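In what comes next, chain A is part of two complexes: it sits with chain B in the first one and with chain C in the second one.
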Partner chain A sequence: MNLILEKQALPGLLQGWREQYDVFLPQKLERFSHFLPLTPDSVLVTDEPHNTRIPPKALFLPMTETLVKFTRFGGYQDAQQNIHPRIIFAIRPCDAQAVQLLDTSFIQESYTDPLWLEKREKTITVGLGCHEPCHNGFCTTVGYGPFNKVGLDALLTDLGEVFLVETLTEKGYSLFLGLREAQQQMTEVAQRVQQQAYDKMPVAFETEGLKAKLEQNFNSSYWQEVSQSCLGCGVCTFLCPTCFCFDIADETQRRERVRNWDTCMFRTYSLEASGHNPRPSKVERTRQRLSHKFVYWLDQINQIGCTGCGRCVRYCPVGLDIRAMLRQAQTLPFEVNHAL
Partner chain B sequence: MPDLDAIKTETKRLLSEGVVEVVVAFKPGDTPLHPQPAFFMNVDDVDSLVYDGLCQNNLATFLTRLPKSQKIGMLVRGCENRSVNALVVEKQKLRENLFLVGIPCEGIIDWRKIVERTGEAVIAVHENDLNVFVDSRAGNFNFNRADLLHESCLRCTHRTPVNADILIGEALPEGDLTLAATAVEVFEAHEIDERYAWFHKEAERCIRCYACREACPMCYCTECFVDHIEPRWTESGATPAGMQGWHIVRAFHQTGRCTDCGACERACPMDIKMTYLTEKLNHDMRNKYGFVTGLDAQTQPPFATVTLDDKNRFSV
Partner chain C sequence: MPSNGNSPYVPIPMHVLHAYYESTDHSLKTLELSFDHAEDSRAFFDAFNPGQFCLLSVAGMGESALGVASAAWEGDFVRFTAQKMGSVTSALHSLKAGDAIGMRGPLGNGFPLEDWKGKSLVIIGGGCAFSTLYALTKHVHHPTNRDDYGKLTLVYGTRTSGLCMYKHDIAAWHENEDMEIHQAIDVPEENWLHHVGYVPDVVRQVAPSPDNAVAVVCGPPIMTKFTLPVLVELGFAPEDIFTSLEKRMKCGIGKCGRCNLGPKYICKDGPVFSLAELNALPADL
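Up next, the complex of A and B:
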């Protein structure tokens, strides 16, 4: 259902939600925006030219999360989360899409991560579409888009004085009870705004055939070339909304077992106890990062594991650009094996 | 601004005459704000070499990633030259295997300061010694270069490479040492609680991606202390203790080794200030020991030496 939300009514609506929910929304933190809990004086940041610096995956998979607490005499208990029902407001469609992608990893028939599941079930996501798509984002290239609805309970379109609210689930609808319904004409205006945003986004690289190119050139010198200036830090992966690797460590002085964000770009990530490292250099690690998103996710769930948010492009300290890397990959030879 | 053609000509000569096997420099990035470090091995590729104020990395960080025996050419600014010297002093590199193409440096532009003023949709950037011209989707801008410089560059004292093999362009006058001292004194003038609050506020944004470590030429340990499992030197997670442990120990490991190039700060994805820590250590090295990192390729940093007439012996 499509509803109309007056912008001046927004602060009241948000504060009203606080009675029942913890509300997280992008607010200013130093020089960037960050999902922080709503307080009576919170100022929503929606004029940022792009999404928050840290992706909202951190609200589901915190940088450090306690799994188990030990007691002094050999006992233990699972960590209690105490998650209050919550709303993530003004999440961008790329980041909401990423949460849905991560669901496929954390919520499976064979194993479901209880900590992830609890947070997901208690969270309502209200998306804010990107009527002015960001400069380094490339969501349409990877098959998603500035008004992509996956992973959202409601989606807002900025129409100047008002937001058009598209409620996408029961939970989403429940937040906006009492708003007036949008007339057909307003819905059409919103559709035009959305279409214009899609049209503004250039194709950053060709995805057709990309998977096969990357797979077939597994041993190509291409990987050496594109990883040459890589420093081997974790910026691209930690700021990536779909990267979810973690490492489990025992913090014995606090008697806690925790999981911390980890990344395939670190040497220690794949280092084995024997001293052997199956990904000994940044060449193999870079190949893993790109292949995971553009080959292995496709093998597993037939979706590209990159939502085009542009964070890795924006913040790479050596200016490595995944769009350029993949454009180059498309020029690789497609080796047909005649022996088969 | 240095003569780009002269840099290219020298780079080509180094490769064609076989002086070096590779020249470490910069090439254009996919966006104008982010030139990329590049490794030139063929003369034909050198035409794509770029050098401007947005080249934000300290190229010396790549030296310990390349074999010690390899003949390497490298573009060096004042700070990079001193980092190279520090690596030679620590026996990580052989000076005779390096050919340093020196560039007197007018300071590195902090791209974040551009984006703050113009938005991120930057189409082109041009600069001269005094001004930076930015074309962006939001319009055309003209900035004073000094307003966009990184803090480390504003207080830089050694802008001209100290012992490069060739200098492209005229040497610049030495910077004002009192500026570096002032930065430390301003911080030290605060009460201890305020200083701790500042340290905590900066460190707590850390996501432990270690971009600062990887960007630093002097962080070349095969195994960093934070990666040790047994014994564990600091908490592993993004907890206050873990983040503060990382930042304070990282800084202390730089004592007498840091050139205040600021590459750590520029690499940080969370805009964390950290050179105020290392600059304090540099300040103490200058004042207590009369030592400045990397002014030559022989002098050991004070904390790396021990002599029989040291005042305080290791006695109980």
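Up next, the complex of A and C:
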């Protein structure tokens, strides 16, 4: 259902939600915007030319999270998390899409991650579409878009004085009870805004045939070339909304076993006890990062594991650009080199 | 996998039943663990298949992935052999009978025993990676299962005779009419009556028949790498050659991302793969 939300009514609506929910929305923290809990003085920041620095995946998979508690006599206890029902407001479509991608890894028939599942079930996501393209973003290139609805319970389109609210689920609808329904004309205006935003997004690289190019050039010197200036800092994966790798470590003083974000860009990530490392240099590690997103996700669920948010481009300290890397990959020859 | 409560990250409580050194240089130690709770034992053995592994947990130290080295019929315990390498395995080596320990598992797919029924088995192991092959041999060798399989050929190589594991059983197996056993060490030793040489060479020399047979290879990466082509040379089809892989692991349930081989996770989709499957995956080992 399409509803109209007056912008001046927004602060009241947000504060009203606080009675029943923890509300997270983008706010200014130092030089960047972050998803922070709403307080009576919170100021919503959505006018930056790009997304929050840390993706909202952190609200589902925190940078550090307790998995297990050690009991006094050498036993183990489930870590109880205390999740209050919550709303993530003004999540961008690329980041909501990323959460859906991560669902396919954390919620599976064989094993479901109980910590992820509980947070997902207790969260309502209200998306804010991007009517202006952000710097470095390339969502349409990877098959998603500035008004992509996947992973959202409701989607807002900025129409100047008002937002058009598209409620996509029951949960999403429940947040906007009492708003007036949008007239057909407003819906058409919103559709035009959405289409214009879509058209303004540049095509960053060609995805057709990209998977095969990357697969078949597994042993190519291409990987050497594109990883040459990489510092191995891992920020591309740390800030990536679809990167989910974690390490498990024991915090002895807290008597807890925790998981922490980890990255395939670090040497110790794959280093084995024998000293053998399947990915001994940044060449293999870069290959893993790109292949995971543009080959392995496709093998697993037939979706590209990159939502085009542009963070890895924006924050790389040496200016490595995944778009340029993939454009270069498309110029590679097809070659068959599956060595035993 | 039995889980303590709902979380697959919480180990089930176990106790050390027996702890003893497996090798003369004390680098390998075997732990036999018993379950604190009968329901955990039931859940474990309902799910268990030779070739699977567990994560052994020492609170405050971490977890280590180890292959199960016992067959279900042996009794209400689970056996592991740990090589002393880092902090967790050092902690495992310091455990003695009666000590508490945590365990998660059984994890992974294990050997496709149903598919192998009616076939001869060629079991090829090297070093401490022989543990799951030991579990496999004990399973197949048991009177209730033995008739399901054809000829049993075992090739087991270690660097020295002192590093050979499970010596009592292997010595007894030599007496068996229905098993062909080839033991090897890398360099000559006095009084050694078996092969001297590397496993791939021994396999080539022994030349097991590929007729209605499957071969299983578990060993250090270098041994596996050179043994697989020998089996292909001998006429084994890639679909009939199996190996068990290892990579660094953390979660054991396909969530933490660490042990991927292309789109597969060794912990969840493996650790047992056929050569045909491996040939379709990137060489990222």
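The working rule: the second predicted complex is superposed on the first by the 335 of 340 C-alpha atoms of A that agree within 3 Å, B and C clash if a C-alpha of one lies under 4 Å from a C-alpha of the other, contacts with A are read in each partner's own complex, and residues count from 1 in each chain.
As a convention for this text, a residue touches a chain if its C-beta (ideal position, glycine included) is under 8 Å from a C-beta of that chain, and two chains touch if they have at least 3 such contacts.
As the structure is a prediction and not an experimental result, all values here were calculated from the model.
Visitor: Overlaying on chain A: chain B and chain C, fit or clash?
Guide: On the shared chain A, the partners fit.
Visitor: A:Val150 contacts which: chain B (first), chain C (second), both, neither?
Guide: In the superposed model, A:Val150 contacts neither chain B nor chain C.
Visitor: Of the two partner chains, chain B (first) and chain C (second), which one does A:Leu231 touch, if any: first, second, both, or neither?
Guide: first
Visitor: Counting only touches as set out at the top, which of chain B and chain C does A:Ala324 meet: first, second, both, neither?
Guide: first
Visitor: Once both structures are overlaid, what angle do chain B and chain C make about chain A, taking C-alpha centres and a multiple of 10 degrees?
Guide: Computed from the C-alpha centres, it is 90 degrees.
Visitor: Return first, second, both or neither, reflecting whether A:Ala249 touches chain B, chain C, both chains, or no partner chain.
Guide: Both: A:Ala249 reaches chain B and chain C.
Visitor: Please indicate which partner A:Tyr296 is in contact with in the superposed arrangement: first for chain B, second for chain C, both, or neither.
Guide: second
Visitor: Look at A:Glu272 in the shared chain and tell me whether it touches chain B only, chain C only, both, or neither; answer first, second, both or neither.
Guide: second
Visitor: Once chain A of both complexes is superposed, is A:Thr64 in touch with chain B (first), chain C (second), both, or neither?
Guide: first
Visitor: Just checking: does A:Ile107 make contact with chain B only, chain C only, both, or neither of them? Give me first, second, both or neither.
Guide: It touches nothing on chain B or chain C.
Visitor: What does the superposition give for the shortest Cα distance from chain B to chain C, in Å?
Guide: So the smallest C-alpha to C-alpha spacing between these two chains is 6 Å.
Visitor: So which positions on chain A get touched by both chain B and chain C?
Guide: Common interface on chain A, chain B vs chain C: 247, 249.
Visitor: Chain A touches which residues of chain B in the complex?
Guide: 29-31, 33-39, 56-57, 61-62, 112, 116, 119-122, 137, 205, 207-211, 213-215, 227, 235-239, 242, 266-267, 269-271
Visitor: Along chain A, where are the residues that touch chain B in the complex?
Guide: Against chain B, chain A makes touches at 29-32, 49-50, 53-54, 62-64, 134-136, 228-229, 231-235, 237-239, 247, 249, 251, 253-254, 258, 260-261, 263, 266-268, 313-321, 323-324.
Visitor: Which residues, counting only chain A, touch chain C once they are in their complex?
Guide: Its residues touching chain C are 67-68, 70, 73-79, 105-106, 108, 110-111, 113-115, 215, 218-219, 244-250, 252, 255, 257, 259, 262, 264, 269-274, 276, 278-279, 284, 288, 291-292, 295-297, 299-300, 338-340.
Visitor: For chain C, which residues are in contact with chain A within the complex?
Guide: Listed in rising order, the residues of chain C that touch chain A are 1, 4-11, 13, 57, 59-63, 85-86, 89, 100-102, 220-221, 228-229, 246-248, 250-251, 253-258, 260, 262-263, 268, 279-280, 282-285.
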